[in-house]
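Given below, in the form of structure tokens, are the structures.
Here chain A shows up in two complexes: once beside chain B, once beside chain C.
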Partner chain A sequence: MAGPRRRHRAGSVYPHWFYLPAAVVYGTLFLVPTFASFYFSLTRWTLFDHEFIGLENFVVFFQEPALVKGLTNTLVYAVVTSGLKVVLALPLAVLLTSDIVGRAYLRSVVFFPVLVSTIGVGITFTVLMQPNGGLINDALAVLGVRGPAWLTDPSSALLSVALVDVWKGVGLATLIYIAGIVSIPSEYFEAARVDGAGRFTTFRHILLPLCRPATVTVVILSLIGGLRSFDLIWTMTRGGPGFTSDVIASVIYKQYQAGFFGLSTAGNVVLFLVVTVIVLPLSWALGRKRVEL
Partner chain B sequence: MKPPHRSRWTGLAAVLVAALALASCSPGDLGSSDGDKVSLTFLVDNSDASVRPAEGLAKAFTEKNPDVEVKVEVRPQGGEGDNVVKTRLSTGDMTDVFLYNSGSLLQALKPAETLVSLKGEGFLGNIQDTFFPTVSAGDEVYGVPIGGAMGGGVLYNRAVYDRLGLQVPKTWAEFMANNAKIKAAGVAPVIQTYQDTWTSQIFVLADFHNVAAAEPRFAEDYTANKTSYARSPAALKGFQRLQEVHDAGYLTADFASTKYEGGLRQLAAGEGAHFPILTFVVGTLVANHSDQADDVGFFALPGDDAAKNGLTVWTPAGIYIPKTTEGAKLKAAKEFLAFIASSEGCEAQTKAYAPTGPYVVKDCPLPDDLPRAVRDMLPYFDAAGRTTPALEFVSPIKGPALEQITVEVGSGIRSAADGAALYDRDVEKQAKQLGIPGW
Partner chain C sequence: MLGGVAILASAVVFLVPFAFVVLTAFKDRAQSAELDFSWPRQFRFAQNFVDVVTARDYTLIIAFVNSAILTVASVAVMVVLAAMVAFVLQRRPGRWTKVVDFVVLSGLIIPPAVVPTIRVLQGLGLFRTMTGLILIEVAFGLSFCVLLFRNFLATVPRELDDSAVIDGAGPFRVFFLVVFPLMRSVAVTAVVVQSVVVYNDFTNPLYFLPGDKNVTVQLTLYNFQSQYGTQYNLLFTNILLITIPPLLAFLVANRRIVAGLTAGAVKG
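Up next is the complex of A and B:
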């Protein structure tokens, strides 16, 4: 008792109970559910009652055949979307920072998909990607190309959703790159031009290294976004055909939908741990970077 | 030491009181009953086949009992709808009356804890005995039927059959022989619609009459974990046949991207000859393709033995009262259930939506102008031993992932044996969740 009181006198001008309202809200809405979910993940829970079964839910969850598929799919999805966003956003940003006609308009066009609701995008693209009579395949047919069965072919379903994710997210990545490029002092470019550097050399040796912070941000943001992706996949394929485009989140959701509340809670605990394992070192590394820069 | 201490506790007390005050305003308080008028809310799923009869019943009941008003409220279908029902029941927030599946899904609601038992109510006498096992738990009865029984089998295009001179098949071999001729004539033999994943299960679920014909004890043994889809040769056939029609190239070209309405269009237009499905879709068929509705007939999914040919039947859904309905509302709710389980109730339903099969309420004749496919189904009910309730009505266990597994088997992603083994594990999860002895 004495410790905090002394600190209170020394540091803060407010009494400690000023913290209470925030503590109550945080406690009831975040801490209690979090710890309750640790407990319920160890039970067979029907909403009406629950029975303690130890670690069985975790055993069942890790034996779930869709889980292995879901884990690999999650990784593939995260890597593909974040890689493509970097590859597409950088040239777009270079284009949109150069002197072109209608630059402001083009910037807003690129950013527009970010503003549209994910569910709306998902439903729209599901219609566009219909194998027969969908606009995309009809357009390809005019060019004499027979389009794939985007969402219903097990080998292309996940990648098709990833492409739509890239279409929707590339605007944000471009925006980050534009900010990164604009913040590079123009002296560097002028000095390079005086030294006789061409456009490509300038890009390779000035622009690319100096917008590294932007690249890091884009990679991290889209990687995390890819790892927790759910809404777009659920709207477009529901993890199908069969289990072929399931990701971790959709596997967990299906357990919940089936009424396996204990099992799906166990899945969420696993997801929590996985995200922690990935994000903690990342944020630590990023924090260190910031100090170095 | 004292003054700050006291103020700390005062703050905590103030917050707690505020939280309690907030918690006591639950949505349950918003129920209304002004004067003598009682108002009942009635939760149904949002499919045409549920909403239209429910609204017909509500209207007819209020006409008969002007002091009771019934308001129909809708919820999503499928897994999402299940969760709405479970969550509302467990939080005491359920409507006064609600529609839900009979059979295995009902058991997951823990009826003994959440529903009002109807045992001893006079109106149960109007209901056929075959319905009771599907809405009971222990000795208690919890629901009355809405809608007619459904058949699971094959809708077929009679014009295609006439043109090619085909006979309705009584065995699987005959069915496959027909398929070969249909394919040779340039028509897709089997329509599948995997955008509605539930439709992929028919080859497995509607085969249950044939499974039970070969292994009469299958349902009991399955519930007791003594047999399973992978272990029983008869049950495995459903999965194998699903794979067989895919491997033979008999499916419609766009089976993976079609919804069942699209499948009905293909069937009506004669682009496909067979559509394995539940007969409740006949209402949609008649509504969307009234000109061709008479071209579409129905037969049971054929098995190995022509002598044992018969139909797998889905019993109607039930109407239940949650324990949270009390007092005047409970009395009105029971009157409403009595009305549903009467010939007047059937009449109101028939007027609102074309019946999909025979009612299980006594003295409920079907109209004469039934769609052809429903008429084809009736003879199975007339002969003894030619109908079997689907497995989900005789066993409490149905694995929730079956539709994804059958999509994989039916699309050639997974083999039949592998799919059946995977389904066994799904069934095991569900059995453990329900706490069934032997698992």
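Up next is the complex of A and C:
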């Protein structure tokens, strides 16, 4: 009876033009450049003009050893950081939701690095990781261990930065897991206790499957972050020694600085493809296999 | 027992690096170059502070002013625009909802294309301007805020809007006088989280606002890294000063930040 009139009125209270201001900013500065990048990645582009050269930039990208290294490093970095974050954050979250002394303090201390400047963290750890005289290797020497050369050794530079990334980001992953664990109804744990399930069984068969949404969130967020990561790597190694710790994002910056705008933009397109090819199927697959209650 | 071990381990892993920053910021130049974890022989913080602040014609002060302008302006605009989008998106499901959802989500996933963005900014005359960078931060931060607001609006009953409409309110009044005030708590969350994000942002100022005149605090730190390569006391004084704003945000609004960062995480 009042249906049509009500719908009409509802339309005017929730006008589509409320989208407009956001759409203008977002469209001009995010969507247009994103679409334009597909075209410009196919050009030789300088300050003055651009010339269509087909897939040449992508050929360079997959042939030049320095650029190929950037591609593989990006994958290694993303997988290592997100893997370590899951492996460390889950036990931490279990610990921080149990009845232990100093719980509030521990939560704050683990979380605080998330809020701190990445550049500040990068500079601090560059100093701490100095092979000779740096605090980490000094401490290892006291324990009788000869520490690696961290950032100055081509074989460990990327992984050293990845460790610092985990140090800075594990707090966020832990928080997400804590939120996931807290939302599990306590009846499940009580039922398990009544059935005589031990700590490990409870963890394996109740906590782990029921905080799966949290795992999905942690994996996807840290994969996206890891694949796009730039500032920490740039502060700590500038992609060095040589180009051994370059990632796609640092290649994009280097090519931009060198004035190869087409190649830099091709890097952006490659990064776009890598992120979507990995994240979309993964979030679809992980999201589908929900736990049936 | 377990608690004791955890406290000890957390102190070694998480507190020692921060203590190192503070101790080094208090040392004189010679001792700071030793790079060890030791008590300062002389407390030189006042001198280090003056040296860092006055370096390169007070660059750090200018940088703090620039960062403040950037953070306040971009977060204010971002939050209002995102709230308007979330309001219509949540209240008026229809053909457009799925499209808008998709576009919003892609903003969280897709890495921005750098050089084309610079080209667009140049075309608008906004490259190397503070206004340009503010709009960039707005564009890149919108998606997070829209999702946060939309989830929250689902819990605000529609009847409130309807009763305002019956009282003769138009969309502007319904939104700004009825709905937006109800969103206060989640808006505070968005403001705090995005302030920390924008303040700590390094990449976007590096690309879109290069040059000494408009430098932000993260960029001064980056520049000081090469300039003060051997003056670790000054480098770490700079880090210490730059860490103060996030520390304040953490002390004042930790709960809000946590709420914002974990929202939606458990629903999957």
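Note that in this section the second predicted complex is superposed on the first by the 245 of 293 C-alpha atoms of A that agree within 3 Å, B and C clash if a C-alpha of one lies under 4 Å from a C-alpha of the other, contacts with A are read in each partner's own complex, and residues count from 1 in each chain.
Rule of thumb we're sticking to: a residue touches a chain if its C-beta (ideal position, glycine included) is under 8 Å from a C-beta of that chain, and two chains touch if they have at least 3 such contacts.
What you see is a predicted model, and the numbers here were worked out from it, not measured in a lab.
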| item | value |
| --- | --- |
| Which of chain B and chain C A:P131 touches, first, second, both or neither | first |
| First, second, both or neither for A:G144, with chain B first and chain C second | neither |
| Chain B versus chain C as contact partner of A:K254, first or second or both or neither | first |
| First, second, both or neither for A:P185, with chain B first and chain C second | neither |
| First (chain B), second (chain C), both or neither touched by A:G242 | first |
| First (chain B), second (chain C), both or neither touched by A:G120 | second |
| Contacts of A:G196 with chain B and chain C, given as first, second, both or neither | neither |
| Touching partner for A:G54 - first (chain B), second (chain C), both, neither | neither |
| Dominant toucher of chain A (residue count), chain B or chain C | C |
| Which superposed partner A:D153 touches (first chain B, second chain C, both, neither) | first |
| Intersection of the chain A residues that touch chain B with those that touch chain C | 15-16, 21, 28, 130, 256 |
| Contact footprint of chain A on chain C as seen in their complex | 2-4, 6-7, 10-11, 13-17, 20-21, 34-37, 81-82, 84-85, 87-89, 91-92, 96, 100, 103, 107-117, 119-121, 124, 135-136, 138-140, 142, 146, 161, 165, 170-171, 174-175, 196, 200, 202-203, 206-207, 217-218, 221-222, 225, 232, 235-236, 239, 242-243, 246-247, 249-250, 254, 257-258, 261-262, 264-268 |
| Interface residues, chain B side, partner chain A - complex | 4, 7-8, 11-12, 15, 19, 79-80, 82-83, 86-87, 89-90, 108, 110, 113-114, 194-195, 197, 253-254, 256-257, 400-401, 404-405, 407-408, 411, 413-414, 422, 425, 429-430, 432-433, 435 |
| Contacting residues of chain A [partner chain C, same complex] | 9-16, 18-19, 21-22, 25-26, 28-34, 36-37, 40, 45, 95, 100-103, 105-106, 108-121, 123-125, 127-128, 130, 133-135, 138, 167, 172, 175-176, 178-180, 183, 211-214, 216-217, 224, 227-228, 230-231, 235, 249, 252-253, 256, 261, 264-265, 268-269, 271-272, 275-276, 279-280, 287, 290 |
| Chain A to chain B touching residues, read off their complex | 5, 15-17, 20-21, 24, 28, 44, 46-49, 51, 60, 63, 65-66, 130-132, 149, 151-154, 238-244, 254, 256-260, 263 |
